[in-house]
Amino acid sequence: QDVTRVAAVWTVPVEQQWASRLHNALIAAEERGEIDYVYSENITNTDYERVMREYAEQGVQLMVGEAFGVEQPARAVAADYPEISFLMGSSLPPVEPNFATFDNFIHEPSYLTGIIAGLKTETDKIGMVGGYAIPEVNRLMHAFMAGALSVNPDATFSVSFINSWYDPPKAKETAFAMVDAGADILYAERFGVSDAAKERGILAIGNVIDTSTDYPGTILASALWHGEPMIDKAIADVKAGSFTASDYGIYAFMEYGGGSLVVDESLAGPEAVAAARAVEATILDGSFVVEIDDTEPTSSQ
Amino acid sequence: MSPSKTLLSLENITKRFGALAANDDISLRLDEGEVLALLGENGAGKTTLMNILFGHYVQDAGSVRVKDREGNLVTLPPGSPGAALAAGIGMVHQHFTLAENLSGLDNIRLGTEKLLSFGQSGRAREKIAQIIAESGLDVDLERRVDSLTVGEKQRVEILKALYRDARVLILDEPTAVLTPQEAEGLFTVLRRLAANGLGVIFISHKLGEVLSISNRILVLRSGRKAGELVTADADRRAIADLMVGKAVTAIDRKPGVPGAPVLALEGVNLGKSGARQSLVDVSLTLRAGEIVALAGVSGNGQSGIAALLSGLAIPDSGLFSLFGQPVLRADPRDLVRAGLARMPEDRQHDGVVGTMSVADNIAIEDVRSPGFSRFGLLDRKAMQERAVTAIERYDVRCSGPDAEARLLSGGNVQKLILARVLERTPKVILANQPTRGLDIGAQSEVHRRILAARDRGAAILVISEDLDELFTLADRFLVIHAGQVVDAGPTETLDRATVGLLMAGHMNSIESRAS
Amino acid sequence: MDVLLDIFGSANFWAAAIRIATPLIFGVLGALLCERAGVLNLGIEGIFVAGAMAGWLAVYLGAGLWGGVLVAALAGATFGLLHAFLTIILGLSQHVSGIGITLLATSISYFTYRTSLPSVTSPPRIAPFQPIAIPVLSDLPFLGPALFQQTALTWLALFMVALIAFVLYRTPLGLAIRAVGDNPASVEAQGLSVRGLRIGAVVTGSALMALGGAFLTMSAFDAFFFGMINGRGWICIALVVFASWQPGKALLGALFFGAFDAFQIRLQAEIGQVVPGQIFLMLPYLLSILALVLVARKADYPRALLQPWTKGQRH
Amino acid sequence: MTLRLEPRANASLGLRLSVSIASGLAALLIVAIPVLAAAGNPFTAYILMAQGAFGSMFALSETLNRATPLILTGLAATIAFRARLWNIGAEGQLYMGALAAVLVGSGLLQLPPALMVPAIMLAGFVAGGLMMIVPTLLKQRFGADEVVITLLLNFVVILLIQMLIEGPLKDPLAMGWPQSVPLLAEARFDKLIPRLRMHWGLVVGLVAALVLWFMVRKSVLGFEIKAVGENKAAARFAGIPVDATMLKVALISGGLAGLAGVSEVAGVKFYLSADLSPGFGYSGIVVAMLAGLSPIGSVLAAVFIAAVFVGADSMSRATGISSYIADLVVALSLLCILVGSFFLRFRIAGIGRRVEV
């Protein structure tokens, strides 16, 4: 049996940056003919367990999703269906035999984008706009700030959360406010921020997905997350019968190609790029480890 | 059709509401320059007929024909006030049809100009000023309607009709809220307009007005045409008999024997609230075994007195005492327990919960009492039994104790309320408009029960706009005007003219009469 | 204090306030028109979604920006017509119909978006309205720079305020609309159609609400997102009461709201989070409630609001 | 022959049931349009919907599990609307109930389960009730419109919850996720059947429906509520304390919505988060209207709405139709039922045929 049957359960619409990375990887695998892919999007946490069980009853082999709001029920479902492999976004450890976990650990490229931003800022003010202060977001913001401070100790940050995942007009307004307060680089965790940067003719740092073609001349650098290494590994493991309850989060690390830095050299200039690439090398060879800090980031005082 | 003097003709109009035939095969004709009076008891179908003529209601059968500008009688499309207006029909409604958030001027202009235009308030203002000058119906056009008195609102209603240059004017009880003097002013205008060819249909319960203004009288009874008279040949007695369908017998009343005071207001003031007129320094006393009338043009503070005696308000200052005890808080239940019975002015609005059963509505004032409930649970059986006796003893016509109150006719709702309050043998009774809208049989039944209660020793205050009723019942008269109450003295010492003057605010008429 | 001066003294702040206020201006005008005629339209939140989606989709499919505005207005008018049918023709509960319209408009919009664009993985974009400078106005000192940043839709919103105020207070039509919301019998007795006026007001009002949504996807942003209306419609329902059903005050209320939001965003950006951010987000709601409580007694409610009218029935 | 509408005296139970069923069928019929638009086969879709809602023990349990909070919020709307108190704030009251349950049941009290469960239920009831009493008082004292205020309070409450679960109530063991500390084991509702999500909250809902039915039919309070709701002026004239009765209604209505929150947090989720309810409070209004404000009917209506949602959602997965169709089906059902209610109030009569009585 060649084609693995995979189901994904998303709590967000598949356009959402985070889900889209895995969704795209799964679609690519389907197009390669490796899997048969079905999904449900925008599933509330209240309904999450039911949807998992419905897919489980349909006999899928691999289930991908997000257990963040439903850690216990998701594990309960996995326990009830030991023959199915579960690969779930989670803040908690994996559970034997079939509940593997992951998260988007792209703090490494985020650190590198921080270096570039720290070198490029002229006002030493960087604005950061996020959705909600959850660990997933917090750790990337902290890594970014650490990277910037490593090259520019004078850099200051203002951090705002808009309390919504999908309110681009509001994210844009928040970003405008930061520009008005002097920021010349924006960290774009949400849709809407880069739009503000583009309109005001300043630079933005991308996150998770590469939007540089949508905002030419605006996206200075981006920390990308690639779902493919993890998804492809998981599919291969399922096919090989070697899927284990491990932490697949490591496949987001740069070492596995799950995270990468893209930078617009024409905007960043050779020195900044060189500085970032130098640190990138030390990350890749393991001589430098970017710290993971999940606490809520706050503006510099 | 050859050119005639006929302006308007209604042909075989029939209108049903459910099982009730409000208009049954009615025809009428109106000539140029004629004032036709439409008479009939409450519920006889007068307003319904006019509403059909004007297009508010759609008749089940029959047609309305109006003379057009060429002099031909043309049929109006049913249900179109617009068409009626265009044909030159103007109507002054029994119940105000004014937008209270607009000025008098805007209410008059409403619908007279093209919707999608800039409007012509200047020209309208001029024209109305002219009508006011000619008619004497004076009112401040720029004031918002909600700040006008009822009399002023009535004048705006009339101006609305005159403004449109109507050739047929329908006036549905236009004088109900006017003082006799204001009414006389209106009649002057009508006479002049009629002389210029205007046709008028005039509805009123006041026979005197009808006799003085009309040329012809049409009487309706229970939806049918009961007869037609030429005013010059008619007298009060004949009209009344035609209205009721049988000879009207007067009720005979023996004077009461007043006992000790049971209820008193002393120097009471009560502020304005909503449409309620404020009370100014009101003092009055009710004694056991007497019926006291409270006469007045509606809207002069009757509702304030009723609110106090119903337990819905307490005086802002002054004293309200019942059996010598001061009443300190507004609570209907306290008053009911103390032996006060209250009949609301608007029985449909305040008297019954339409969607609850007859049994529920009879028990509603006492549900918390041991008679009808225990441990917070209803004693349905007791409620049912009480309803069965009440229906029988007060002749409430309904399908049974479980019938919804909204399905009862006005008279039967009134009987239901009588049953509710009188079965407790109360010591004080507030009878507010006790027979409004009742047929003559029901009326005398209510009067009989009120007199019986007095003879039993109850103190009774009757509030009514019907002077005949007050003269029939009362031992003593109070008159209210602009929130002030004067004691007019025992019924035997009074006549209608004196009471009318007092109602119009000529407070010194008692002194002048005394001197 | 310096911070406050900085914020209030900057034209960008006022530009932001006007931008944030624009969808609310459309929404509150729409709600005002419906309520002036006596109909509460709780479908507003859903109609915002429908306007945002339909307008955007039309532009995405090539209708052009003004074509999109028209489509959005038509979508709003359609849901308005449904609400009018249920509440004015059938006389059903305005509350329930409104909530039903919100559910329906929202789910239809989401379903249509997903069904017409099944395989998008990042929201497609359109070229939105661009700021336009109105010759004289934009040259005004201080105010000019704030207005200079606004797009045609904001100008349309401001024009609508003037237009609706003019129609309501200066034309026979406005007279009739104000009357029908106070006492339908007054309108019927003067030969006008109660239902016609109400249906017209609800349909037009709903079209305006939809423009509020369209502003979000065609001017404030350039793509449609699920959930992006984020309660803006509900705010308008409160703003109408706050504005005592007057267009001028509605504009002020929306601007006040926009200014408050712009202010709290800036305060967060400039001095960081001194108190939990939610406090700031709560404030507009709490202030609205406070305003409602304060104006309630004096409020000039359209007296016929929520009351169905049936011809030939005793009222 | 012209047709006209005449008000109906009283709709019989049979008529009500047939109108409800006809409305439901009409909704299903209309649903064929979006199904066809998404290139699906409506008949397959109906079968899959039925299977998804009732086709297995699991499906049935899921339907009932989803119906549980809807029964309670439906009852909350039922009692309030009966008194013409327009409570649109059940969503916020639900969260307040859940918040109170978590405050009491996560360590504040140490009680055996037999006491702990009643304690959190009481706390949730009171918290939800207070949340409705405030707007009711504002309405009575200041004439402030309760529709708008209860609606706005929903947003205030959800922000308050967010603030608390990111602040003082935040679970330190939740890896930084904004969620509250969990309920103690003693405070949780047991499952009705092992491995299925159905829990004792369902029983709470059913009992609440029975109690409310009894109250409405048999108690003086029920009598007074009806009088106040149907004709405030007459009730006031008859001496029924209108304001006090309204406050009792507010307490019960808000309290029931609060219980829905308790039920979700103690029966399903075990901790408080800002996504506890996907709009159960708003759906309660739909449930109550669908049931014609009947308490027992609310149970049936809640199950119907839950089944429509769960069935349509499951159907979307089986057919590949976008899962947004589930909400669409619910919305269509509401509007069809609303139109159906018109036929309960009026009958259509042909004028020519009226018999003389």
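In this document, chain identifiers A, B, C and D correspond to the written order of the chains, with residue numbering beginning at 1 in each.
One rule holds in what follows: a residue touches a chain if its C-beta (ideal position, glycine included) is under 8 Å from a C-beta of that chain, and two chains touch if they have at least 3 such contacts.
Chain labels with UniProt names: B = Sugar ABC transporter ATP-binding protein; C, D = ABC transporter permease.
Only a predicted model underlies this, so the values are computations on that prediction, with no experimental measurement involved.
A count of contacting C-beta pairs for A-C and for A-D identifies A-C as the more extensively joined pair. Here the CA centre of subunit A is 76 Å from the CA centre of subunit B. With centres taken as mean Cα positions, subunit D (ABC transporter permease) sits 37 Å from subunit A. Subunit C (ABC transporter permease) and subunit D (ABC transporter permease) have Cα centroids lying 28 Å from one another. In subunit D (ABC transporter permease), the residues touching two or more other chains are 159, 162, 166, 324. Touching of two or more other chains is recorded for residues 58 of subunit B. Residue positions of subunit C (ABC transporter permease) with contacts to 2 or more other chains are 278, 281.
A complete list of chain pairs in contact reads A-C, A-D, B-C, B-D, C-D.
Subunit D (ABC transporter permease) makes touch with subunit B in their complex at residues 4, 6, 9-10, 218-224, 226-227, 230-231, 233-240, 351, 354, 357.
Listing the residues of subunit D (ABC transporter permease) that touch subunit C (ABC transporter permease) in their complex gives 34, 37-38, 86, 88, 138, 142-145, 147-149, 151-153, 155-156, 159-160, 162-163, 166-167, 282, 285-286, 289, 321-322, 324-325, 327-328, 330-332, 334-335, 338-339, 341-342.
Residues 13-15, 17, 20, 23-24, 27, 42, 127, 158-161, 163-170, 172-174, 176-178, 180-181, 183, 191-192, 195, 209, 211, 214, 298-301 of subunit A touch subunit C (ABC transporter permease) in their complex.
Contact residues of subunit B toward subunit D (ABC transporter permease) in the complex are 16, 18-19, 58, 60, 310-312, 331-333, 335-336, 342, 344, 349-356, 360, 364-365, 367-368, 373, 376-378, 380, 404, 407.
Interface residues of subunit C (ABC transporter permease) facing subunit B in the complex, by the touch rule stated above, are 170-173, 175-176, 178-179, 182-183, 185-193, 300, 302-303, 311-312.
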